[in-house]
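Common to both upcoming complexes is chain A, partnered first by chain B, then by chain C.
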Partner chain A sequence: MEPLLRVEKLSKSYHTRGHEVKVFTDVSFAVNAGELLLITGRSGVGKSTLLGLLSGLDRASGGSIFFQEKEVTGLSLAELAELRASSIGMIFQNFNLIPGWNARENVEAVLMHRGISATERQKRAVEILRELGLADRLENLPAELSVGQQQRVAIARTLVNDPVLILADEPTGDVDPETAAEIVELLLPRVKSGRAAMIVASHGLFDSSLATRIVCLKDGSLSEAAQ
Partner chain B sequence: MNDDVIVCALRELRQNWRRTLAVISGYAVTVALVIVLAAVFLYSRVVQDIMIGGTGTYFVTWLPACGDISSLTEEELAGLAKGIIPAKCQEQCENCTGCNKKPYDILNEGFVVNTNTTRLLTTELAEKVAALDSLKNVSPCLMFRFRDPTNNLIFTVAGVNPQDYAVERNCVAVSDLVEGSFLDAAQPGKIVVESGFAINNGLKPGMKFSVAEEEFEIAGLVKTGVRPLNPDIMMLFADAERVINKRIHNPLEKEANIILAVSHDATHHRKAMEDVKKLLKTDSLLTTGCYWPASEALGLSGRMVWGFMLIVMLGSVMFAAKIQWSAVVERYRNLAILRAIGWSNRVIVWQLLCESLFQSVVGSLVGVLIGAGLIITLPVNSLLGVDAAMTGVLNPALAAVIFVFAVLAGLLASLFPVLRMHARLPLDDLRRF
Partner chain C sequence: MRSFGAVGGYLLACSFIVAIVLMLQFDLQSKHATVNYMGARFLAYQPFVRTADPDAIGRPLDPVNEGFFTEPTIVTRLLPKSLLEQIAAIPEVRTVAPFLLYRFKQGENGHIFSVGAYDTKNQDAARRALVSPADLISGAFFRAGDSNVVLVDKSYADLWDLKVGSVVVIGDMLYPVIGITASHARTARADVYMLWPDALAAINKRLGRPLADEANIFLVEANGIEAAPVAMKKVEAVLQQGHANPVVCMLPVVKFMGLSHETLKLVLAIVSVLTIFFAMNSQWTTVSERRHEIAILKAIGWKDAHIFLQIIVESLLVALLGSALGGLAGYVGFLAISTSMGARVSLAYYVIRAPLTILIIMLTALLTGILAGLLPASRAARTRPAEVLRTL
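What follows is the complex of A and B.
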């Protein structure tokens, strides 16, 4: 079976004040549907940057990313946006909800501009928010929600378009253990059912026993870690 | 562009109604200000036109006589009386028909303007002058100095068409009447007399006055004040032609010695005089109601006014640009989030342009209404201390231009930060903002 995502010799570097800063080089790995890959490493090693490259929010300095056997590193910004809208869900560490939009509108946003009717959008958004226990918080703004509720809205936004690849950046980083367990409970069924693959970047707050594989990003290189 | 773009744009405007209101207010204030300024400029031009029109947009023109008649020999004078023009005069006679129409009493009588003797011009030439675009009205005039052989009284008579505006400005108007009645084109045989001349000679309305042995009834007395033409007696053109014919060798044939003119307006005054001089050749003389470049002395220049308007418009564009720039830049993070969840740059650009278009159209429309309301309600003329109606200053075409200009400026101004965002990766904006 072909992997859902294949990364080959991926590297990323920045140019700051005339100097090249290498974040990582020659990172290679593959993820299949139904797998949860945990990327660990200390803060600042480039875990979030790696997720940014995988989601097409950033450009790699070298190497290739193949998604469903199609190379995506050379795609245009518009094509990458389309890929995110159709197949990739992203959970950010700080949730990245639109402050002026309520919970329902934040979730619906993913379904907009895709030819889905307003009624259908609203129905799907409400359904998933109910599924995540936010039925009575549909019209609340992010600022009116607890941190855990905000994270659940962010997860609802990620799952509403049924992505085949979920990228999560410290999904349990800012929440208490109980809420963290709830979040994992919400995300895992999609992976375990084989409908999606998930890549989690965490510096240790994510329960590693849930991962199918664990890799460690250290000193610019990626290596398999013992489970 | 899909329907969702408009839905999202309207939702964004509604949810951030304070910002929307601020942007719309910015447009409204700017457009209203520009419209009011434009109206004040236009009004200042109206006022200046009125002011200068009352003092200096009229003039008279004539050609000086072609030299001292006394230099001609007896034989040449006799030939002149028969219409034979001396060779030395011919080169100066392009616009003149008068050499064979010299007065019998050549030392005392003649075609004069003040103390200058003049040539005769055809009325066709006056019609050519009247056809100039820079002139509003033109009227031919006969001005002749008579001597009454019975008492040696010397006086000047002007033959005019009293209904012409050029006569009213340059010579005599019904408003100058101090006693009696004015000239009437339908009632020949009557004259009006300058009040100073009347006092000196004991003349009153209703009395008879003899011109070239022909009795005229004095219809009224006038005070003409300071005007380019100051005759003692004014009569109808046809009457003047008839009495003058009695005192010259050959009768006049559709001729006049002075052309009275009124410029189209103050801004065309200099051009009008230049056009007339060009037509009459360079040796023509002009007499004006006031120092002739009055319009320039007042600083009246169309280019200056429109130049200032352009500066104001550019200022408003920069203001609109600032408003739109701020409105987009403060949303960079939100826009980056939307791009991160799959919105394309194209969709975001369309949405921002829709929002910008809505705000600029509504704001500019409100601005036009506020501006028009201010122009109508504010007593600008009394505030400026000017006794002139505020007419013609609310120019719909100009308001439309200002409206379109503001809307386009807003769109362009919003496009610039949007295009800058377009070139950046979403992750850069998520990190930076």
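What follows is the complex of A and C.
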């Protein structure tokens, strides 16, 4: 079976004040549908940067990323945006909801500009928010929601376009253990059913027993970690 | 909150522009009306040069006291009436009428007065430039079939205590006064107005040779105030060494009106530039404050073009709302100012021209909205989401 995502010799470095700062070099791994890959490592080692490269939000300094066997490192910004909109879901540690938009609008945002009618967009957003138990919070602004509810809106936004790859950056980092368990409970079935793969970046707050594989990013290199 | 500020900015700018434009428009309209009434008309004649042939002025029998002239005391040559057609053919000329203005001395120790010949064949121009029924103070105006009757200017009538029914002696003839007129600031005036054939007969008795088909002045009306200077030059060329005299201070007024037009354009340009600058600054700040939101939208799959469009549409909506409210406020302001000044504006202006002007200003504001949104939208579209989200 071809992997959903394949990363080969991926490198990232920044240029600051004339100096090159290497974040990581020659990172290689592959993820199949149905897998949950946990990337661990201390804060600042480049876990979020790696997720940024995988999502196409950032450009790699070297190496290649293959998504469904198609190299995506050379795609244009518009093509990468299209890829995110159609196949990749992202979950951020601090939810990253748009403060001025209500829960429904935040979820609908993913479906906008994709040729989906406003009625259909609204229907799908309401449907998934109901599934996540937010039927009575559709018109509430993020500030009017609890932390747990905010995270559920963020998850609804991630799942509404039925992504095949879910990238999660410390998804349980800012929540209590109960909410963390709830989040995992909402995301995991999609992975376990083989409909999607999930890559989680965490420095230790994510329950590692849920991961199919664990890798550790340390000193600019990625290595398999013992489970 | 910032959007409200931007709407408020547009509101203030548009209400200011609308009020100023409407007031200036109204002011210009009034000036146009006044100047068109007084200044689009002029006298055309050829001054007499002493060395020229005395026949050119009709050989008056008493050349010291009598003769063809124009105000104030310019002796004029006689010109063929056929020039009328050439003058009428000038595109900038609306109407033209021939005119005879002759200075009489009545009796051996008599007084000096002027007689003007009213040409009924070119009544339109004569009425506009010389005397019309609207100038009547008492009595009646010339009617078809009238002959050997005169109209008398009020100042002359006051001097000699003339009333309707009085008799004026011109040469050896008596002429009953049928009307007293006050023509105010007309282009030409005379003490006594006679119908052309009567004037011709009276004047011919004072000349060494009878008048051929001649006139000493042409009363010309140009096609509006802007066309007047060109019309004057062309008429002067037709008359050869002719003079065109607007009598009233038309040219300075034309220049002043030009200045007013320029002022209007300058005010609009300054306010428009300031509005664009303000709107752009406001949108720029909005985009800066919304970098996080823009980064999120890009992270979930919005393309640069979508972000660009979003900012432009927002800028446009802000401009639309602000300019609509501003247009309304400006219109109300204009109504209040014009009413308090006691200005009488035509209904057509209130319901057609002013709203049309406001609409044009609103459309300009929308264009401003687009222009003001371009740079911030371009900046927003270039937001690098990875960088922004990392710094949170």
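Following the convention adopted for this analysis, the second predicted complex is superposed on the first by the 227 of 227 C-alpha atoms of A that agree within 3 Å, B and C clash if a C-alpha of one lies under 4 Å from a C-alpha of the other, contacts with A are read in each partner's own complex, and residues count from 1 in each chain.
Basically, a residue touches a chain if its C-beta (ideal position, glycine included) is under 8 Å from a C-beta of that chain, and two chains touch if they have at least 3 such contacts.
These numbers were taken from a predicted model, which means no experiment stands behind them.
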Putting chain B and chain C onto chain A via the overlay, clash or fit? clash
Is A:96 touching the first partner chain B, the second partner chain C, both, or neither of them? both
Taking the superposition as given, does A:58 touch the first partner, chain B, the second, chain C, both, or neither? both
Looking at A:30, would you say it contacts chain B, chain C, both, or neither? Reply first, second, both or neither. neither
Considering only touches as defined above, state whether A:225 meets chain B (first), chain C (second), both or neither. neither
Of the partners chain B and chain C, which touch A:164 in the superposed model: first, second, both, neither? neither
Does chain B (first) or chain C (second) touch A:112, or do both, or does neither? both
Please state which segment of chain B collides with chain C in the superposed model; the candidates are 188-196, 224-232, 278-286 or 296-304. 188-196
Can you pull the chain A residues that chain B and chain C both touch? 52, 55, 57-58, 77-78, 81-82, 84-86, 90, 92, 96-100, 109-110, 112-113, 157, 161
Which residues, counting only chain A, touch chain C once they are in their complex? 48-49, 52, 55, 57-58, 77-78, 81-82, 84-86, 88, 90, 92, 94, 96-100, 109-110, 112-114, 157, 161
Under the definition above, what is the set of chain C residues touching chain A in their complex? 292-293, 296-306, 384-387, 389-390, 392
For chain A, which residues count as touching chain B in their complex? 52, 55, 57-59, 77-78, 81-82, 84-86, 90, 92, 96-101, 105, 109-110, 112-113, 115, 118, 157, 161
Give the list of chain B residues in touch with chain A in this complex. 2, 4-5, 7-8, 11, 15-16, 334, 337-347, 425-428, 430
